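Each structure below is given as structure tokens.
Both complexes shown next keep chain A, but they swap its partner, so chain B is in the first and chain C is in the second.
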Partner chain A sequence: MATSDVTVHRDGRLTRATLTPYTFIAPAYGLFFAFMLGPALFAIAISFFRWGGLRPPEFIGIANYQRIIADDVFWISVRNTITYSASSLFVVMPLALLLAIALNSPTLRMKTFWRAVYFAPIVTSTVAISQTFLMLFSREFGLINITLMRMGVEPLDWLGSRALARIPVIIVIIWRWTGLTSIYFLAGLQGIPADLYDAAQVDGANRLLQFWHITLPQLRPMTLFVSVIVLIGSLQVFDEPQILTGGGPANATRSVVQYLYLRGIEQFRFGYAATIGFILFVSIFLLSMVQMGVFQKKTS
Partner chain B sequence: MATPRPSTVVSPGRHRFLSGLADLGMNFAVAIGGIFMILPFVWMVSASFKTTTEIFRPATLLPSSFNLNNYLDLFTRWPFAQWFTNSLIVAGATTMAVLFFCSLAGFAFSKYRFRGRKQLFFGLLGSAMIPFPILVIPLFVIVSNLGWTNSMVALIVPFMAPAIGIFLMKQYMEYVPQEMLDSSRMDGASEFRIYAQIVLPIVGPGLATLAIITFLNSWNSFLWPLVVVRREVSMTLPVGMANMLTAVSAGSARPYGPAMAAATLVCIPTVAVFLLVQRYYIAGIASGAVK
Partner chain C sequence: MVPRKLSSRLPRFILLLLVTGLVAIVVAACGGAADEQTEGEVTIEMWTHDALYIQYFEKRVAGLNEQNDDLNITLVAEEMPDPITSFVSAYIARENLPDMIGVEQGEFPILMEDDVVADVLVDLTDRIGDRYSDFVEGRWALYTHDDRIYGVESALSAVAYYYQPAIFEEHGLDIPTTWDEYVAVGRELGAEGISIGVADNMASGLFGMMFLQRGGQYFDEDANLVFGEGRNREYAVEVLNTIRELLDEGALFVVYGDEFWGSTIPTAFSEGRLAGIIMPDWYNTSLLQPGVEDMAGEWRVGPMPLWDDPDAHTTSVWGGTGFAITQASEHQEIVWEIIDDGYMSLDGQLDRYATIGFFPTKYEALAHPDIVDVEHAFYGGQNIGQVISDVALDTPPLWQSPARASFNSALGDTLVPFIDGDISAEELVDEVVRITEQDAGL
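After this line comes the complex of A and B, so read on.
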């Protein structure tokens, strides 16, 4: 209630004092309406129109949605994005957890150094680092193929083959996101009360048992949080495949956001692209809800 | 609990041997993974000093000599200095605006009790659920109609008050004691002065955290600048760098050397600064996770 301010400003400044918090949040709220909530609603509206940029928009009902369901490239991009998300959930997350445990362990040597090494990728430009990996995976002069050749293995066309091209994208995702994800787990680990381990030690539980019966259950809320964040982030992958392959060969690496960009910004099909955006939004929303539901059931 | 540190707990010899082995394995695994993390940096920096011949026929990981041609090329054949300036201005202005708007709103949410406070706050937090890609098309339409394409305004204004920032500032400001505010009010200080002169200095670490996160996000941002900026001189670093490798006329080789010089100049400063201030960054990330 606004009464707390009344005691301070007893002299007719009352109204101004009550208005103060509203004026303080007004700029943020203005920006929020103009550049988030407004555009989000606008996007939903656009998805019911055929809109090619120059020509006036034409209302076509749910035709965009019908066309997307029948659009093979859209489904390829969905499949690719699911591959990226699955790699993030089932490779990045476990690696990040192991890394956090190692970085938290009293027996790790050169801890400060390794922390720096693993955290540095967080702040690198995805474009710069994807271009570096573009060279590392180059068919003719990349470090990876050169190493393979020295071992007597045939060089592989990493970025030009439909079967392989997703691998470099996933490697960049692992390289860039593992350190960041481990920071969350580190915070979670440091929040586990030490006497739990002390008690287990007294009972003679070895470190594997302690990990299984103390660390993992204690980390469950953090794991839920991390998995939601990782899922939301990975469903929006754009930079890495855009730089490494441009979505090719033959859409083999194209993510949903890349497809949105292709349709909307390169081909000026605003209605169609807005529909892709809305479908992505709904999927992200539903998936995070499901994820939270599943975890909550397990916890209780 | 009188139990000393785990390592000093007396255990049978076999156990100690096994746990020693586990420690060795862990140190080894961390080192192997670490090499995988460092290798791209080594490649990036070393390729930036290689000649074109060396890049296309690499015999060694390190360059035979440190030639600076790639760096010279970068500044003469591309408007790299302009891109760098653009990125600095965009990231700097975004950061200043975010610090101001988020701390102001965070101050209101943490230190005032007003009608609708909870609803307004959770409404704002809910907006963090809106993924950016859904906004790309409508924002592009809006920005085009405002005539903001190719301008820095389009890269700054939509990102000036992120919900996460308001949340972070609110968390930090909860710890500012109410008595400090009350006593300044007794002295007749205006509410804005209380915010600017009493509260802001106290939440310095929070501001630092928010500044680092915002600056880096803006500095590395790619999708949105790619959408809005077409003119070469208006590009930010990521867009310009991407353009170096994609806008190559047919038949000519991609300029990998200069691209790696650019990558080095873009990554090394951020990594260096990050290593100096990483505790703020990590605190910020962790505080987002701890409710």
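After this line comes the complex of A and C, so read on.
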């Protein structure tokens, strides 16, 4: 026995010593079950029901899943969400890395100030963001259109055109999340041993080679972490399209989570909304697994 | 230094103080208003989405309190974006529910689902009784389910044409009185870069108003979808083709989504790029006057353009909020007294118009001098009440259905490709019917 307190009875009875660790983790697991796992399991269960909240749920089998296959708006929202995720992975992440490298530069002055500036979009109120970007992209009095007109270009209906409306949403996503993502990369950059760069310099490697052969490989664990959280976050995008377009025009900017909100909160179709939520959960889970598998394979 | 004896007692003393404080807070919180109320004192909790209703009912409740020595009503009103959403959430969570609720007509169908409405709202049919026929009949339809009425309407919501006469005069054009004239005048103005009206992608917006005026209905009295059938289909196609013609002439100012409610339209008015807008009576005090305050005197109100068919209505309808009593209320009779006084009486109808500008729904009030003889400075001294009163009796009903949320969503989404010229009127109708039917049973 490791300690004098620990007593394991042959009949398997639990003693105070063996119960202690469970007691410590019980509150966390209790809360996890009550607010995470429990509702998640409940949501999966009600995806097989028709439920408006005011009457007992009615079992309808897989009808919600059959309906979703033929639901055009759901597939439009999937396409939009993929666009937002791709923008986050292929625009936000590279920009964030460049920003982090700039912030990590020994020659940069007022580093704390710059870090605060890039972090500001995260702490800015959604209402302020909404008003600012609506004023920028407004068809009638938006700053962008006024600038275009002064350049002799026809003003564009940024938020009212099905073809263009995703662009402002993507711009807000980039503006809002690049700074935070760069903080993660910055932490990764600061963890790379300086002697690796010193040795490379001695060997005659220039900045580009150092970046390619030292920075990127050393950042791989952080890149995996960032890409997973960026993917998960972007697949659940809600605020940006909601504040700018409300998902319109004609669902051109609606994300999957917005569609879930529409069906669940606005139309009180909780069973159908739960179906959307479950499909989203499975998609995120599988994509994250694939992503981690690919990175681990490359790392090994 | 704190003496040892005192220091050992201090935490216990502080603990005792904290416990006493907590007990006091809990007792105060649990006590509630009802326990504190003496005989004749009643607290009524009201939920609504519009501060104007709070302003009006507070005034009426103060009047009721003055008239009754043995009754003192305290109105606790709460403004929230979607009262019915909050109501349903609170109902599911078994939280506190209000005594009185303003049901925005577009949210009433949520309560029609599975006949829930009878369990959560009080049936007002018998209370209304014979007085049913004293009011514009179409306004009851919005809160009717299974031939029972659950709400009393706040405004007539009849539609008119708000316009800037100077723009028409400047171009030597008359104010259009028929839809054919509206298209012709729209064409002339469109050629000058001016829009005669606004096109939007809201189910109740321009298309909805024109369709109801034409005589169409989305659902029948039994809540069945009839939009794609018979005359309704014909009317929908005719209305859509008229809108198409206006769009092709560059006569309509297109606004999608929430931009409709923002400063886009007032800006276009101020800059003279938009001559007018077809909207219900509530647009006057809720949006137009606050939006273009500095244009006072430059506006007029005319009747909605007419269809070349005597069976069509002379006006249309958009919106409404019905006040209802909740089944959870312990003071249902007092809430009815408030609604009866504020909405059912002649005095209340006139006072509502004077206080918050919402047009009466009672026939007696519609012809009253306080409505038709009032000159409005914003409209250059015009008696706008007379304009609305002249068409009020012909305000069409709008029959409700639990499928309305799906229908509205489908119509709103499909109007965008129609306005953009990507689908035809017939395709729009088919698509809306298809989506609404697909959603049934979810």
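The rule we apply is simple: the second predicted complex is superposed on the first by the 264 of 300 C-alpha atoms of A that agree within 3 Å, B and C clash if a C-alpha of one lies under 4 Å from a C-alpha of the other, contacts with A are read in each partner's own complex, and residues count from 1 in each chain.
By definition in this document, a contact is a pair of C-beta atoms (placed from the backbone, for glycine too) under 8 Å apart; a residue touches a chain by one contact, two chains touch by 3 or more.
Model, not experiment: these values are computed from the prediction.
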Combined model on chain A where chain B meets chain C, clash or fit: clash
Which of chain B and chain C A:69 touches, first, second, both or neither: neither
Which of chain B and chain C A:248 touches, first, second, both or neither: second
Touching partner for A:206 - first (chain B), second (chain C), both, neither: first
Chain B versus chain C as contact partner of A:141, first or second or both or neither: both
Partner chain in contact with A:50 - chain B first, chain C second, else both or neither: second
Chain B versus chain C as contact partner of A:267, first or second or both or neither: second
Partner chain(s) touched by A:187 [first = chain B, second = chain C, both, neither]: first
Chain C versus chain B, contacts on chain A by residue: B
First (chain B), second (chain C), both or neither touched by A:153: neither
Which of chain B and chain C A:162 touches, first, second, both or neither: second
Interface residues of chain A shared between complexes with chain B and chain C: 134, 140-141, 246, 265
Contacting residues of chain C [partner chain A, same complex]: 85, 88-89, 91-92, 110-111, 113-114, 116, 119-120, 201, 254-259, 262-264, 267-268, 405-406, 409, 412-417, 420, 435, 438-439, 441-442
Chain B-touching residues of chain A, taken from the complex the two chains share: 1-5, 8, 17-18, 20-22, 24-25, 27-29, 31-32, 35-40, 42-43, 46, 95, 98-99, 102-103, 105-109, 114-129, 131-136, 140-141, 143, 146, 175, 179-180, 183-184, 186-188, 191, 195, 197-198, 201-202, 206-207, 222, 225-226, 232, 235-236, 238-239, 242-243, 246, 256-257, 260-261, 264-265, 270, 273-274, 277-278, 280-281, 284-285, 288
Chain A to chain C touching residues, read off their complex: 50, 52-55, 60, 63-64, 67, 70-73, 134, 138-141, 159-160, 162, 245-246, 248-252, 262-263, 265-269, 271-272
Parts of chain B lying in touch with chain A, wherever the complex brings them together: 1, 3, 5-7, 9, 15, 19, 22-23, 26-27, 29-31, 33-34, 36-41, 43-44, 47, 55-58, 61, 101-102, 104-105, 107-109, 112-115, 117, 120, 124, 127, 129-142, 157-161, 163, 166, 182, 185, 191, 195, 216, 219-220, 222-223, 226-227, 237-239, 241-242, 245-246, 256, 259-260, 262-263, 266-267, 270-271, 273-275, 278, 281-282, 285-286, 289-290
